[in-house]
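In the two complexes below, chain A is the common chain; its partner is chain B in one and chain C in the other.
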Partner chain A sequence: MRRILSSVRDGRGFDIVLVAFPLGFLFLMAGLPLIYNVVMSFQEVDMFSLGTFSRPWVGFKNYVDLFAQPETLPILYNTAIFVVGSIAGQFLIGFGLALFFWVNFPGASWLRGLFLVSWVMPGLVVGAIWNWILSGDFGVLNFILKDSGIISGNIFWRSDPHYSLYAVIIANIWLGTSFNMILLSVGLSGIPGDLYEAAELDGATAWQRFWTITLPMMRSTIGAIIALGLIFTLQQFDLFAAITSGGPNNSSNVTQYWAWDLSFRQYDFAKGATISVIMIVFVMFASVVYVRSTRHEVRG
Partner chain B sequence: MAIRKFAVLGALALAGVSLFGLSAKAEDVKLTLWSLDKDIQPAPNLVKEFNDQHNGITIEYRLIQFDDVVTEAMRAYATGQAPDIIAVDNPEHALFSSRGAFLDLTDMIKNSKVIKPENYFPGPLKSVEWDGKYFGVPKATNTIALYYNKDMFKAKGLDPNKPPQTWDELVEDARKLTDPAKNVYGLAFSAKANEEGTFQFLPWAQMGGGSYEHINADGAVKALEVWKTIIDEKLASPDTLTRGQWDSTGTFNSGNAAMAISGPWELDRMTKEAKFDWGVTLLPVPKEGAERSSAMGDFNWAVFSTSKHPAEAFKALEYFASQDDKMFKNFGQLPARSDISIPETGQPLKDAALKVFLEQLKYAKPRGPHPQWPKISKAIQDAIQAALTGQMSPKDALDQAADKIKAVLG
Partner chain C sequence: MSETARNRLMLVIAIIMAAIYLFPLYWMYITALKSGSEMFATPPSFWPASPQWSTYTYVWESRNMGLYLWNSLVIAIGAVVIITVLGVGCAYVLARYRNIWVDIGLFLILMLQVLPASLMITPIFVGFSQIGMLNYPRLAVIIAIAAKSMPFFVVLVRATFMAVPMELEEAALVDGNSRVGAFFNIVLPLARNGILVSAILIFMQAFGEFVYSKSMIQAAELQPASVGLNSFMGPNTNEWNNIMAYATMYVTPILAIFVLLQRRIVSGLTSGALK
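Showing the complex of A and B:
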């Protein structure tokens, strides 16, 4: 008895308690809902059976039905474009800004902080503002583009099926850029300055220093940020609700918005859960990348 | 954050309960009522007046948001915590009635001196029916008609007292009124991919001889072709596809659209914002003398079948119905009753509009009723959007919708 007690106080038992507590917490708060969601995707669920567990088991019927629907593949394709477009835009602009502020001109840190405002704003507010900016007849964006002579007629960002998805991507890039910039700034400031001094003495150009020092040293940060970006863009729902509602004709619909639409607008909870399960697979993949990329981090 | 919200809610609920406990006598029957009405709208005020009568029944009011009405009610019903009375949107009514969640009120209505089926407009009444029985009482009603800017009619040489009566006239007038140089579109309406799109399109389909069961009828295809003409020729803003009725009519109020299709809920804002002479006319029909039709909106009262005090709950509904005559004056909403004549408000534009809407209400048809309405509606929305974006022809789009609806109807 005493052995066990002392082991809990200081020894293997203590380690086990330390591990068990977060694991139990994770299981309760994330694991159970996840399992519940997977179970639901194999059942037939409507509003009235939502409160019970004894629902008809339909096996893979939901999955089969889902992929038989004509809109499924376009929506998955849209999701891929949305994720790739958003992450590429957020990362490139974020990296550019981070490098810019790294130069450390007067007021740089102050300005960098201001950039975070976009990240702090609630998605629905951002969506409402972009809704006005992108509006076809009186939108600010069209006004600027027309006045600078880039376009001759108004582009109906929200209502033209060729543009609607890109309208949301533009808004999402704006929303996520500052977060990318801050994380990348942290990564940049972690690179020891003497590396650059040594390289400069050896005659390396700025371009060579960027490719041979900055990028390799940032590898784990970049991996983490892209994985986080994947998770955040797959979670992005508010902008779709505020700007296009997935329309017109599903041209800007993505899986996360579709899952909500099926569950809470058409009350087909099983299909909604089925889409979520498909998304979980992708997010799991991103999580593995994230965990692997942060594994090499040196902790002081 | 969520925890704090619940704590506040809990404290409020406790405060509410204790207040009611103090004011209500020990033997009072307590009812709960859920509705989406805010404090300037009918429900909470009716509840307050009802409680002030001290007739041994006390109603506890709870406000729910529009988007949450169905999900909240379902969850509460599934877990046995449903309220006694609820206000539910009319196309969702059948979903509850068909599953036995609402109480059959047919016998109570038969014996009632206040609520008489013959006093209601046929459309709203039909929305509370299921299987030939009454599962609720219409709370209020609304419909859509055509608003038009008389000043713009004059400016373009059109007779301001002769608004378009047929689809052809509507398109023709819209062509004349559209003025891209001044940022003016001929017409504003909503083809959004939600219930609003269905709400606006279904009357057109019905006027053309279609219905949700026959959404690909020739007349309905014609209706969608007219819509497509309006969008393709830019007689209405391309944003019509993603904009709701409230925002679309906003462009009418600001003088950027010469006509608008919307309902009486716009009247108060329009009297305030529109700086021009405007009028309302009945929705144009396919051909002169063709059958009229319109959409029917707004909520119904219902009693949950799990209520422990159905008789008292019905008494409350009787009281609410007895106050229907004050509804337009106090809250600007239209009672679903054909036996009540609404007194004038003193504002000539509003009173003239009211007359048109009351006339239009006679042709209002409910959506459904069908327990799977959201799926039927979704099929119609998809067809509208596919046709208007040019990805399918109106005929193909509606054929596809008809197939989807057939699968739902079984």
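Showing the complex of A and C:
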């Protein structure tokens, strides 16, 4: 006993104690739910069997039922559009801004940091603001677009099934662009300056320098940022809750919102768990890409 | 073009871009000050004709905002305390050693970091209801948030510990400190700033958390401000000035913290997220 105590105070035991509690906590509160999720996706769960562990096993019935539902494929398709649209918008605008702020001028880093307010705000508040900006008759976005002659009539962003998904995408691009820009700025500042001096001496134009130096040198940063973008986009829930609630008629519904809706609005916990399992597999795949692209940095 | 003229030009363009980007925020503050009729005017006014400051007191009292913000604060502080107490030691060990076990641990932690809350809430809710945790809904939310955000905290704080030279700790050990003594007297004070910044980031996230609170807290008097905002925004609402006043009172403290500590938060974030 004394040996253990002294090891905790002054030896390997100290490290083990420090690491055992958090990992145990994470296992209980994140690992077990993950396993439980898979278990539930093979069971029949309703309001009455919620309190017991012995529920009837149904094999792959939940999965089969899920894909037999008519809304499943459109929702998966919406998720794909949401992910691709959000990442493309966030990345392109973020990269443009990062390149601009890369030119060092007084105040650049402070102003660049200010952009990050969009990322630290609660998602619900961002959703509420965009809900109001995008409103059909009195929204300021419609006014600006009409005033500049881009559209002739009001677009009902939230209630028109053709636009509702894009309403959420616009808000999500705004939310995530600043984070992309900050990380891309870090990558840009890591490129050694003498590469550009050498290229300039050789007569390369700015355009050529961008394609032959900047992009290749940024490859691992870009990979990490796109994987992170995928992870964050699939986590986005608050904006859907605040802007469209997945409607009208599922036109802006995506899997991460649908899984919650099935569990907590329709009390079909088994279906909710089934979608969760499918999506978590996806997310884990993305995170493997992310970990691999930052691996040499993780090792320090 | 001289250097100064170029710098001035760049600064002006940068300010214009920042103004465009931050327009939604401006719109929130402005709408909150408009009267009911001015809000729906066409063309919309970009500056309130007669600022309605009374909207704030009206919303604060009618929506019972003090209670909502108090609940948000309780949840955020609880989550930050659990995460800091458990996460700092974990980050320290993961920063101090380089071996296969550390790699495996880091990999698992990064994996847990990516699980979307809206997907994890189903098993957490069912499990918590089975063990009776839902009778203490705020505590349940605090624990769920702690499990969700701790990996991010560990990754950030680990980067801070990596920057603390190991020689300092070794010198303290040679001087007769125990491991515990060296950790609390030497390593922890040196990493204090990084830990503080990471804790603030976690606090801001937890302060705005929505999915877990919405799903697990049924009693209105225990709900945080994010859930309150959600129930304020019905499907066909038209009290946008009131909603924006609510949003203003909710985010302004967070924005103030961010603007004050901006440089540190940004550098803490970038050192952890990519390295």
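Going forward, the second predicted complex is superposed on the first by the 265 of 300 C-alpha atoms of A that agree within 3 Å, B and C clash if a C-alpha of one lies under 4 Å from a C-alpha of the other, contacts with A are read in each partner's own complex, and residues count from 1 in each chain.
Here is the rule we use: contacts are C-beta pairs under 8 Å (C-beta built on N, C-alpha and C of every residue); 3 or more make two chains touch, one makes a residue touch a chain.
All of these numbers come straight from a predicted model, not from anything done at the bench.
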Contacts of A:Leu66 with chain B and chain C, given as first, second, both or neither: neither
Touched partner set for A:Leu116, first chain B, second chain C, both or neither: second
A:Ile226 touches, of chain B and chain C: first, second, both or neither? neither
Partner chain(s) touched by A:Phe237 [first = chain B, second = chain C, both, neither]: second
First, second, both or neither for A:Asp160, with chain B first and chain C second: first
Chain A residues touched - chain C or chain B, whichever exceeds: C
Touching partner for A:Asn249 - first (chain B), second (chain C), both, neither: first
Which of chain B and chain C A:Phe264 touches, first, second, both or neither: both
Contacts of A:Ile173 with chain B and chain C, given as first, second, both or neither: neither
First (chain B), second (chain C), both or neither touched by A:Gly187: second
Intersection of chain A interface sets (partners chain B, chain C): 50-52, 135, 137-138, 245, 264
Touch list for chain A against partner chain B, complex: 47-52, 135-138, 156, 158-161, 164, 244-251, 264-268
Contacting residues of chain A [partner chain C, same complex]: 9-11, 14-15, 17-19, 21-23, 25-26, 29-34, 36-37, 40, 45, 50-53, 97, 100-101, 103, 105-118, 120-126, 128-133, 135, 137-138, 140, 143, 147, 174, 177-178, 182-183, 185-187, 221, 224, 228, 231, 234-235, 237-238, 241-242, 245, 256-257, 259-260, 263-264, 269, 272-273, 275-276, 279-280, 283-284, 286-287, 290-291, 294, 297-300
Chain C - residues contacting chain A, complex: 6-7, 10-11, 13-15, 17-18, 21-22, 24-25, 27-28, 31, 39-40, 42-44, 86-87, 89-90, 92-94, 96-98, 103, 105-107, 109-127, 129-130, 143-144, 146-148, 150-151, 154, 162, 178-180, 183, 201, 204, 207-211, 214-215, 226, 229-230, 233, 235, 240, 243-244, 247, 250-251, 254-255, 258-259, 262-263, 265-266, 269-270, 273-275
Chain B residues touching chain A - in the complex, by the definition given at the top: 67, 70-71, 74-75, 77-79, 95, 99, 101, 183, 192-194, 237-243, 251, 256, 374-375, 378, 382, 385-386, 388-389, 391
